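Take this structure first; my questions come after.
Lettered A, B, C and D in written order, each chain numbered from 1.
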Amino acid sequence: MDKLKIGSREFSSRLLLGTGKYRSFEEMRDSLEASGAEIITVALRRLDLSNTGQPGLLDFIDPQRYTILPNTAGCKTVQEAVQTAQLAAAMGLPRWVKLEVIPDPQYLLPDPIATLEATKILVEDGFEVLPYINADPILARYLQDVGAVTVMPLGSPIGSGQGLLNLPQIQIIIEQAQVPVVVDAGIGAPSDAALAMELGASACLINTAVAKAQNAVQMAHAMKLGVEAGRAAFQAGRIPRQVYATASSPLTGLPALGS
Amino acid sequence: MDKLKIGSREFSSRLLLGTGKYRSFEEMRDSLEASGAEIITVALRRLDLSNTGQPGLLDFIDPQRYTILPNTAGCKTVQEAVQTAQLAAAMGLPRWVKLEVIPDPQYLLPDPIATLEATKILVEDGFEVLPYINADPILARYLQDVGAVTVMPLGSPIGSGQGLLNLPQIQIIIEQAQVPVVVDAGIGAPSDAALAMELGASACLINTAVAKAQNAVQMAHAMKLGVEAGRAAFQAGRIPRQVYATASSPLTGLPALGS
Amino acid sequence: MDKLKIGSREFSSRLLLGTGKYRSFEEMRDSLEASGAEIITVALRRLDLSNTGQPGLLDFIDPQRYTILPNTAGCKTVQEAVQTAQLAAAMGLPRWVKLEVIPDPQYLLPDPIATLEATKILVEDGFEVLPYINADPILARYLQDVGAVTVMPLGSPIGSGQGLLNLPQIQIIIEQAQVPVVVDAGIGAPSDAALAMELGASACLINTAVAKAQNAVQMAHAMKLGVEAGRAAFQAGRIPRQVYATASSPLTGLPALGS
Amino acid sequence: MDKLKIGSREFSSRLLLGTGKYRSFEEMRDSLEASGAEIITVALRRLDLSNTGQPGLLDFIDPQRYTILPNTAGCKTVQEAVQTAQLAAAMGLPRWVKLEVIPDPQYLLPDPIATLEATKILVEDGFEVLPYINADPILARYLQDVGAVTVMPLGSPIGSGQGLLNLPQIQIIIEQAQVPVVVDAGIGAPSDAALAMELGASACLINTAVAKAQNAVQMAHAMKLGVEAGRAAFQAGRIPRQVYATASSPLTGLPALGS
C-alpha cells in the first residue's frame, strides 16, 4: 500500500485540507468530506475557547475521521508560535504542529530564521513539527537535521493561486529530502496539485483554492482527483519531454495507399 | 449530466485514447480499460487488412464498449487523407474521422491549407470530421464554418510530452469555438490534461504519454483522474490568480496570545 | 559585415519600427531616430492622401534616411490587402509590402488562408511580400515556397506586450526557414526582443511597446540596445542551460584556508 | 546621472563581471574591457599569493580602471568566509566583500543561516557586505536590517544559465528593498539580464555566461547592451501586458478602400 508517513502517523490520503475561509461551517464540513482528506489544519487562534454555547468549528469536525493538525497562523515571532503550539497540546489536540512564523502581512512569506529556531524548541519539547517555509533547499536540510518530520515549501504566496512558481527549487528539495515534502500554499487548481505530485512531492496542503472556489465542495473533489492523478503518474513513470515529435502511429512496412 | 457531444454522438468520458506505440496488444487493451475512454483512435494505415489469421489490433478492442475513431496518421496530402477516410468507412468503421494531414516528418505539424481542403471534401461526403490543427484561432473558425464537428489543436508536437506550449492560443480557440475543443498532442502528464480541461477544453486526446509510460496501465488511470479533475475544477470555478497573498486563516477580533 | 538582407534590399539595423499610436508626429520622429531603425512601417490607410495643406505623417519621415515599408493594416480580405498594396506602389512607395490580412477585431490574429492567397497574387504582381502570420511552421514554408521574402510570425497578439508566447513554434520556423524570420507583434520590452534575436530571428518589428511607453523615445533606444544585445549573443554562442550548478570559481589545488 | 550606489562607492556601469572560468587571462582581460564593467569579482582563494614570478590574475587587471570585489567562493562555513574576507582586506584589497557561504556542492545554493551570521560579523568588523542569497524576501530584509549594503538574490543555480527561475520572489525583494538589488547567478543570455533590469534590479553580476560563451569577448559586449537595454526600459516605463490585442494602426475615420 502507498501510505503517507509523517512522523509517527500514517495516512492513505495525500491531500491535506485547511479549514479557513469557507462561507459556512456546513460548506467546510462538506468540502472536507468531498476531499477525502484525513489531515485537516486548524488555526489555533481561530478556535473559540470561551464556552459560549454557540456551535464552533470543532463541532463540525468528526474526530474519528480526521486528524487535526494545529497551525500557528497569525504568529509573527518564535515566542508566539511556540506558545500557540503548546496551548494546542494543552487543549488536548495532537502533539504535532504546522509551524508558521510569518512577519510579513502582504505576501505572508515565512521567516526562515525564526522558523528554524521555533522548530528546534518544539522538537525538544516533544512535538512533531511540520514547518512552512520558502522553497529554500538549504533551509529544508537544516530543518530536517534538527528533527522536522516534514518540510512544507510554498509554491507561491498563500491564497494567491499562482501555482508552483518555485518549481525548480521544490524539485531540488524533493531530490534531497529524507522526510516527506508537502507542497503548501499557492495551489490554485488540480493541475497545480497534480504537477507537484508528479515531481515527487509526498502530499499537498490546500485551503484557499477550495474554500474560495465558486463551488467549494466540487473543487474539493477536483483536488482529490488531481492529487491522486499526480501520485499515480509519479508511480507510473512519465515519458521524458523532448523537443522533436515522435509519431504515435508507427507506419513502417505498411501497404501504399492513395496518391 | 455532463455529456460530451461530438457531432451526432454523445459520451460520458472526456478522455480519448490512441492505440499506437504500446508494447503489446494486451497492454493496450488494459490501458484502454484503465482509462475509462469511450472513444479510441486507430490509424487506418496500421490495420492489417489482409486475412492472415494472426490476431490483430481490432481483436483486442471490444466494439460494444469503444467507439473507434479512425485517423489518417501517415497521410501527407489531401488525397491520401480523403482516400484513407473513405476506405475506413468502406470497411464498416464509423463515418467519422480524426483528420491528420502531416507533411512534416520531424515535428509532425499539421498542414493548415490541406487540412481545411480535406475537411471540406469529407464533410460534403457525409463524414463527421475532427481535424487536427496547429493552435491557430482563425483556422479553427474556418474549420468550424465548413462543418468540422470539433477542432483539435495541438498542445505541443506529437509525442513530445511538452504539455501546453500553445496555451494562450488554445484559450482563444476555446473562447471563440461553437464546437467542442479537444486538446490533442503534447500532453505528457495528468497535470497537462487537467490544465487543458480547467481552461474549458471539452476533452483531451492522449496516446504517447500513456503508451510509453513505464507503467502504461497505471498512467492511463492517472490520465483519467487528471481529465476528471480538470473538468470538475472548470465547473467548480477556480479562484483568480493574484499577486499578493491572502490569509487562509482570518485573524481579526481574536484574543491576544503569547509575546 | 552583419547585414540584414530582405529581398533585394540590405540593412544594417535589425529593428523595424512602426509609426502608429504615438502621441504626436514629433514624438514619432524622435523615436525613429533613437531606435536606429532603417525600415519603418506605415499603414497605407492612415495616410492622408487628400491635399489639405496640413502636415501629415510623411512630412516627419526623412526619405533619405528611412525605407518605408507599407503595411495593409485594417484589411480584412484578400482583395482589400492586394488593392491597398497596389495603391501604395501607385503612390510611389517602394514595391514591397508588409502583408496583414486580419479579420479578427479582438485579437487581431492573421488569416492563414487569405494571407497565403494574397501573397501569391502580390508576388506574381512583382511585389516583395513580407507576410504577417501566426507562428505556424508549415504555413511559413508555404509562404516561402510561393516567394515571400521573409516570414513574420507573431510573438503574441498585436499590442498585447505579452512577449514570445509562441516561442517553441518560432524556434521551429527559424530552424526551417531559408528567408529571414522577423518576429512581429507582442514584444513588450527589450528582453523580449533580445530573446527573439538570441534564438536566431533575423530582426524584430516593434510598434506599440515603443509608442505607448511612458517615454517613447527612451524606449526606442532601449529596444535598439535589446535587439543588438540579442544579435551579438546569438553570434557569440550562448552557454547551454543545465540543471545543476557549475562553480564560477574553480577551487581545485588551492591552499587550505580558515577553519 | 543614473549612478549605481553601493555602500560608499558609486559606479556608472550596472554590470558586474566575474573573473573565473575564462580560457586564458588574455580572454578575461578583453572580456572585462568589452563589458564596460567597473566592478569585477575575484575569488580570493584563486589568487596565487606565493611569489612565483609567474604572471597571475591580478597582473591582467588594471587597478585604475576596475574596482575589485573580493568574493568568498569556496567557503562553506561562517568562519571560513569571515577569515577569507579579512585576509583579502589584509592584502590591501578594498574592505568590501561579496559574501558566499555555500555548503552545497551540487547546486551551489547559499546557506541562509550562515550568510546572515557572517554578514553580522563582517559588518561589525567594518566591511561593506554584499551577500549572495536565495531569493527569499524575508532573508533579504534581515540582511538589510543588519547592514548589508546590497542583496544579491540568485536567478537560478550558479553556472546553470537557466535565467530568472525565481522571478516572482525577486520582484518582491525589489519591491521591499531599501538597498540595491543585484541579480546574481543563473543569467545565461542578455535577455535574462535585460529582464532583471526591467523589473527594477539595480545591477546584474555575471560570470559563467560570459566566460563560457563560444566567444567570450563578444558575449561580454552583448551583456553590456542587455543590461543597458533593461535599465533604459525600466526608466522609460514599459506598456502593461494585456490579454487582448490593440491595433497599432488606428483606422477610424478613414476613407473606404477596396472590396
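We adopt the following convention: contacts are C-beta pairs under 8 Å (C-beta built on N, C-alpha and C of every residue); 3 or more make two chains touch, one makes a residue touch a chain.
According to UniProt, the chain labels map to these proteins: A, B, C, D = Thiazole synthase.
This is a predicted model, so every value here is computed, not measured.
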item	value
Copies chain C and chain B - interface residue numbers shared by over half, same or different	same
From chain B, the most remote chain by mean C-alpha position	D
Distance between chain centroids, defined by C-alpha means - chain B, chain D (Å)	46
Inter-centroid spacing, chain C versus chain B (mean Cα positions, whole Å)	34
For chain C paired with chain D, centre-to-centre distance based on mean C-alpha positions, whole Å	31
Chain B: positions in contact with at least two other chains	107, 109, 162
Contact graph of the chains (line, ring, star, complete, other)	ring
Pairs of chains in contact (touch as defined earlier), listed by label	A-B, A-D, B-C, C-D
Parts of chain D lying in touch with chain C, wherever the complex brings them together	18, 20-21, 43, 45-46, 49, 71, 73-75, 77, 79-84, 87, 106-109, 157-163, 188-192, 194-195, 198, 207-209, 211-216, 218-219, 221-226, 228-230, 232-233, 235-251, 254-255, 257-259
Interface residues, chain A side, partner chain D - complex	103-104, 107, 109-113, 116, 134, 136-139, 142, 156, 162, 165-169, 172
